[in-house]
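Please read the structure below before turning to the comments.
Order of writing sets the chain letters: A, B, C and D. Residues in each chain are counted from 1.
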Amino acid sequence: MQESNLVKLAAAAFVAAALSAPALAADTIKIGVAGPHTGDLAPYGLPSKDAAEMVVADVNAKGGINGKKVELMIADDQCKPEIATNVATKLVSEGVNLVLGHVCSGATKAALGIYKGAKIITISPSATNPPLTKSGEYPNFYRTIAPDDDQAMLAASFATDKLNAKKVAILHDKGDYGKGFADFAKEAIEKGGKAKVVMYEGIQPGAMDYSAVIQKLRKEGADVLIFGGYHPEASKLLSLMNKRKINVPFIGPDGIKGDGFLKIAGKDAEGVYATGPMDVSKYPLNAKAREEYKAKYGKEPGTFFDQAYAAMLAALNAVKVAGSTDYEALGKALKSSQVETTVGKIKFDAKGDAEGVGFAVYQVKNGAFAEVK
Amino acid sequence: MSHLKRSLGIGLWFMFLTLPLMVVRVNTVSREVEWRWSNLVWVGICAFAIAWFWQFSIERRAAQRAKVAAEPHPEKDRPSLAQRLADDPVLSRRVLLAAALIALIFPWAVSTTQNFYHVNVMVSALIFVVLGLGLNITVGLAGLLDLGYIAFFAVGAYTYALLAKGFGLGFWMCLPLGGVMGMLFGVVLGFPILRLRGDYLAIVTLGFGSITKIVLENWDTVFGGAAGIAGIPRPDFFGLPLDGREKSIYTYYIVLALVAVTIFVTNRLKNSRVGRAWMALREDEIACVAMGVDMARTKLSAYALGAFWAGLAGVIFAAHNNFINPDSFTFMDSAMVLAMVVLGGMGSILGVIIASLALKLLPEYLRAFAEYRMLVFGAVMVLMMIFRPQGLINNMRRKYEYDTADVESNDGGK
Amino acid sequence: MAASSTRGGKKLLEVSGLTMDFGGLRAVDNVGLDIHAGEIVALIGPNGAGKTTFFNCVTGIYTPTTGDVRIHTADGATRRINGMKPNRITGLGMARTFQNIRLFPAMTVLENVMIGRHCRTGTTILDAILGTSRSAREERESIDTSYQLLKKVGLADVADEYSRNLSYGAQRRLEIARALATEPFLLLLDEPAAGMNPQETHELDELITRIRDEENVAILLIEHDMKLVMNISDHICVMEYGKEIAQGTPKEIKENPKVIEAYLGEEAHA
Amino acid sequence: MDFQYLFELLCGGVVKGSIYALIALGYTMVYGIIQLINFAHGEIYMIGAFVAFIVAGVLTLTGYSGLGILPLAALIAVIYAAAYGYTLEKIAYRPLRNAPRLSPLISAIGASIFLMNYVQLVQTPDFLPFPELVPDFEFLGDLTQFMSSVDVVILAVTTVTMIALTVLIKYTRIGKAMRATQQDMVMARLVGVNVDRVISATFIIGSVLAAIGGVLIASRTGQINSAIGFMAGIKAFTAAVLGGIGNIPGAVLGGLVLGVAETFGAGYISSAYEDVFAFGLLVLILILRPAGLLGKAVKQKV
């Protein structure tokens, strides 16, 4: 073969490849699923992945949406911001149309800038950090979970109105999530004027001992403790409190409302209050999805499964209504079209928060969370 | 035969050792005990095989040692690849040129306007190359163990984030500022620990690293707390608008240039009065001082210079990621950078570069093994120390040129 | 005190009433010693007599509990150097070797000597990075001076070798070359002949006298090899249990009954 | 001034400090003999807690119950921790005995990372509920506001362990050999001490103490996971350095000082800065006394 032929051939192949790439992309609707799939936070990310896979299998079995199959692009961000930006770049460069994720607020924040630049809509099942929607900085961001300030306000009003607390102690784990919750709760209580915040402190996650903080709690005479953080620290605090015979009602965020907390805290969990997404088991779609999950995986679905399932349904509905994956059209569809999901009938408000989802207060009774009416 | 017996014994020992952890798993929710006996068999077989191989390696190593001890000048007999490269200026220049060319073309070759993932990955890796080379000055050359090096990286990153967001300062303005801030911190932290010896230094630097992270986490009015700082501007290119890919490639070139400068500077220093003093300090502090080297100054300069590079790298890190929070600056990150220096070969520039790239790129592309990544990482650190303590590439000392004849005539004339 | 009055030359080092305590232990007790230009002075005594501690006090590694260490520099000034940092003392013109060899093993022989040039050069980090003319000049000068010193101690042919690969005797000579590179007016040698065979000791004997004569350096040495000491010393100080028990010329020391009893007694007849 | 509060904090600090001291002893003994910072010591503590968790779990779930669980679980945990400590030394440190100082330290960091991830892989990265092994002591009554029953057990066990350790080091053969090796390894070998065995014994004793600490603290906090060893190790090491590393009473004093300082810092200022108090105190003390509280400023032999 002559050299010029070789060059021509190569050029032809290149052109063909270049042309075929966008053509291929148009064939499917590409949805990125980003979250922690390995590492210690994987339990928060894997249920979302499972939910997305279930919804997509379902939709594709029925012939896809607008005649196109849905394709998932799974990407692991380990909840680390620097990995999340890489993951986002990767998804964007591979031509993703829509992203389900990310799971952690920090990683979401890091990745959102990239999606925003590429005009890609992102729906998170779990990133509850309020400014994500309320700052207006990320018009491409939506979520199927209520933001932290909602539940913090609920926790605060529950403490002052239902438990009639006069002196409230607030602790947090210094993390983005826990501290955010604690800050909003503090603000709500101070604004409400019904009680005083007598103690507001961060604790070191992973520390061996919190007895100093607990002694302080007693000294300040707090009659309610609001804690912002996750279940390991919550159960450690409770265990120490019970050993020291300090019986102060404990209110935590949805980070402790799960089996993980019940498992670790054991009998210390009894009587603990936690705010959490409203009970969604009454929705028929939810029951169905959970049944399917149990049939498929042989266990109960994990954290954020419902929200992720709902986000997927909302996203696909929007694609259907908009008739394309165009950014503007999708955004409009998400904000206008009501859709039946696992968390109820929802649509999104102007800032990207789902209307119709909210929080309720639960209490541990006989080893299970029960809604406090 | 005795090998076989010992290996068998070791196999059994490890079966005993791993019995509770690898076989039993207690599920506290379903209140069941899971027995995984097959694991035990695997452990036995693997431990047996490894023990066999281990004894063989240790024996070989001992034999090598004996050989080295018997021959007074072993280095002369076995010049390493790196040494041969360094000794051959034509070849080394060619290799260098080729490497530079590849590095320059790389971002255009692997990216399209849509897909520039590889470029971003490489930028992250090169940032760690700079970090590795910076710590190489402190640990590799001057022998000052620093387990909190990542704090200086954080100082650089937050300097840029705060100055850019708060005062609208540009990237190029902040780059040197970040370095200088890192250096200032290096000096401030360096002072109290001048008197401390190696092991004390380890825990105190580790403490400094933790303190830095805690302060960043807690002082949220300034540093944004755990939520971090988002929306940090990317480097500006004479005010021209760049698309995503161009931005990435631009950042790539910036960090590549920084790597080049770091190599140049380290190389110059290594073979200078200052570099020799660092190495002498590392080898023997008392002899070094007795030979007229000012310990405080030498230590501080090594500390400050190492911190300077970390500060620079931090600025680029913040600019590249647009977002920083304290989670990027943990002890594990410090340990990672230290591992780059040690595994690469203390003091060896090429070794540190190779180790940094390997440690950052392999996990990125071997996501499938992510679970085992840290396990392997830990094991490699131990094994490297046992079988190749000098690191991938031995730090070669330069041979100085001296004109024997000339000196002789001087001598004669005296 | 039996200090000899016949010693010539300018006084270089003047130690008086030097005492060093470690906790309750008095390692050096009120020792005085002068060294004059061009002299070779030996400090002898049984093991544990406090000789190395005396060295360490004089060279700044330890700060003496009481007493004075003074040096008379070339410009005629007198400086008290107690508690001064070792590197400054070296800078003022006193350099030492170590009893248990302390070289820089992972550096080449030449580089070991070049470290000695550190305090006589001033290239800064910036100079080194930018490659200024000062840096180039000093580097050239360092290499040449160091090489010359290596020739003097007979190590020129192994200049590029790692110092850890040298033989014992060669390492001792390298330490001397390294100390000489700091341009001292007084060289302190701590047991330079330890571990050497008779042939090597003999060569060392010549080397020390040659250094004194050619480099115009006074020498203070600690040594157990009595033959070497008696051969080359102009003045000897004897220590026992931290105390100075005698001083004088080799002849005086040999005849001193206290010394014979305490120290030479056994060895001289052995 | 609220004296009750002060006293409560003091009690908390002492309990915490005695745990630090237990773990710190392992660091300081190893350091005293081979001048190595055994970074993996915290992982031994974690492994001790894990083994106890597994044994207790198996026993409870197979229907065995009663007071016997605590001693049995603790005993097996101690045996396993000792085995791990022994093996760790053989693999990761013994081949490096004559290597440059930095090598064993890096090896130790590597071993620490390895062990942490090993447990995470073969068990779980999740937090696990650690059974309450210590029953509530009725006789404590109102005193529980100062000290819970676990705290009392911790203090008692720590005190007994330390007395036992002192006796062991002062009066037994191996203890004497250890002291000899600590003074001068070469000399000890010359007079017939089997130095290798002494070093192994040191690792075993240190690991035993760490495992006891692990079981106690796990039953106090009620949870374990594979990462607990790291922070405990760092703190205990800080305590060892604070007291003067290589010095056994120093480790105990260092642990107590650190525990009390942290608790007071957290109680009177803010718990958010607890670790800053710990490390700040360390830096401060090292500036004032570079060899630690009880460490002797050993003049380097020149």
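As a convention for this text, a contact is a pair of C-beta atoms (placed from the backbone, for glycine too) under 8 Å apart; a residue touches a chain by one contact, two chains touch by 3 or more.
Here the structure is a predicted model, which means the values were calculated and not measured.
The interface with the greater number of C-beta contacts, when A-B is set against A-D, is A-D.
With centres taken as mean C-alpha coordinates, the chain found closest to the middle of all protein C-alpha atoms is B. Chain B has its Cα centroid 35 Å from the Cα centroid of chain A. Centroids built from CA atoms put chain C at 41 Å from chain B. Spacing of chain A relative to chain C, judged by their CA centroids, is 73 angstrom.
For chain C, the set of residues touching two or more other chains reads 61, 98, 102. Within chain D, contacts with two or more other chains are made by residues 128-129, 272, 275, 302.
In chain A, the residues touching two or more other chains are 39, 174, 202, 204, 263. Across the complex, chain B is touched by residues 59, 61, 85-87, 90-91, 95-96, 98, 102-108, 110-111, 114-121, 123-125, 127-129, 131, 135, 138-139, 142-144, 147-148, 151, 156, 159-162, 165-167, 178-179, 181-182 of chain C. Against chain A, the residues of chain B that register as touching in their complex are 28-29, 112, 114-117, 120-121, 124, 214, 217-218, 220, 225-228, 230-231, 244, 248, 317, 321-325, 327-328, 364, 367, 370-371.
Against chain D, in their complex, chain B makes its touches with residues 13, 16-18, 20-22, 24-26, 28, 31-33, 39, 58, 139, 143, 145, 192-193, 195-196, 198-200, 202-204, 206-208, 210-211, 214-215, 217-218, 286, 331, 335, 338-339, 342, 346, 371-372, 374-375, 377-382, 384-386, 389. Chain A meets chain B in the complex at residues 38-39, 76, 78, 80-82, 85-86, 89-90, 92-95, 105-106, 109-110, 113-114, 117-118, 129, 137, 174-176, 179-180, 202, 204, 259, 263. Taken together, the chain D residues at the contact with chain B in this complex read 31, 35, 37, 47, 50-51, 53-55, 57-58, 61-62, 76, 80, 83-84, 87, 91-92, 95-96, 99-107, 109-119, 121-124, 128-129, 230, 234, 237-238, 241, 245, 272-273, 275-276, 278-280, 282-283, 286-287, 290, 300, 302.
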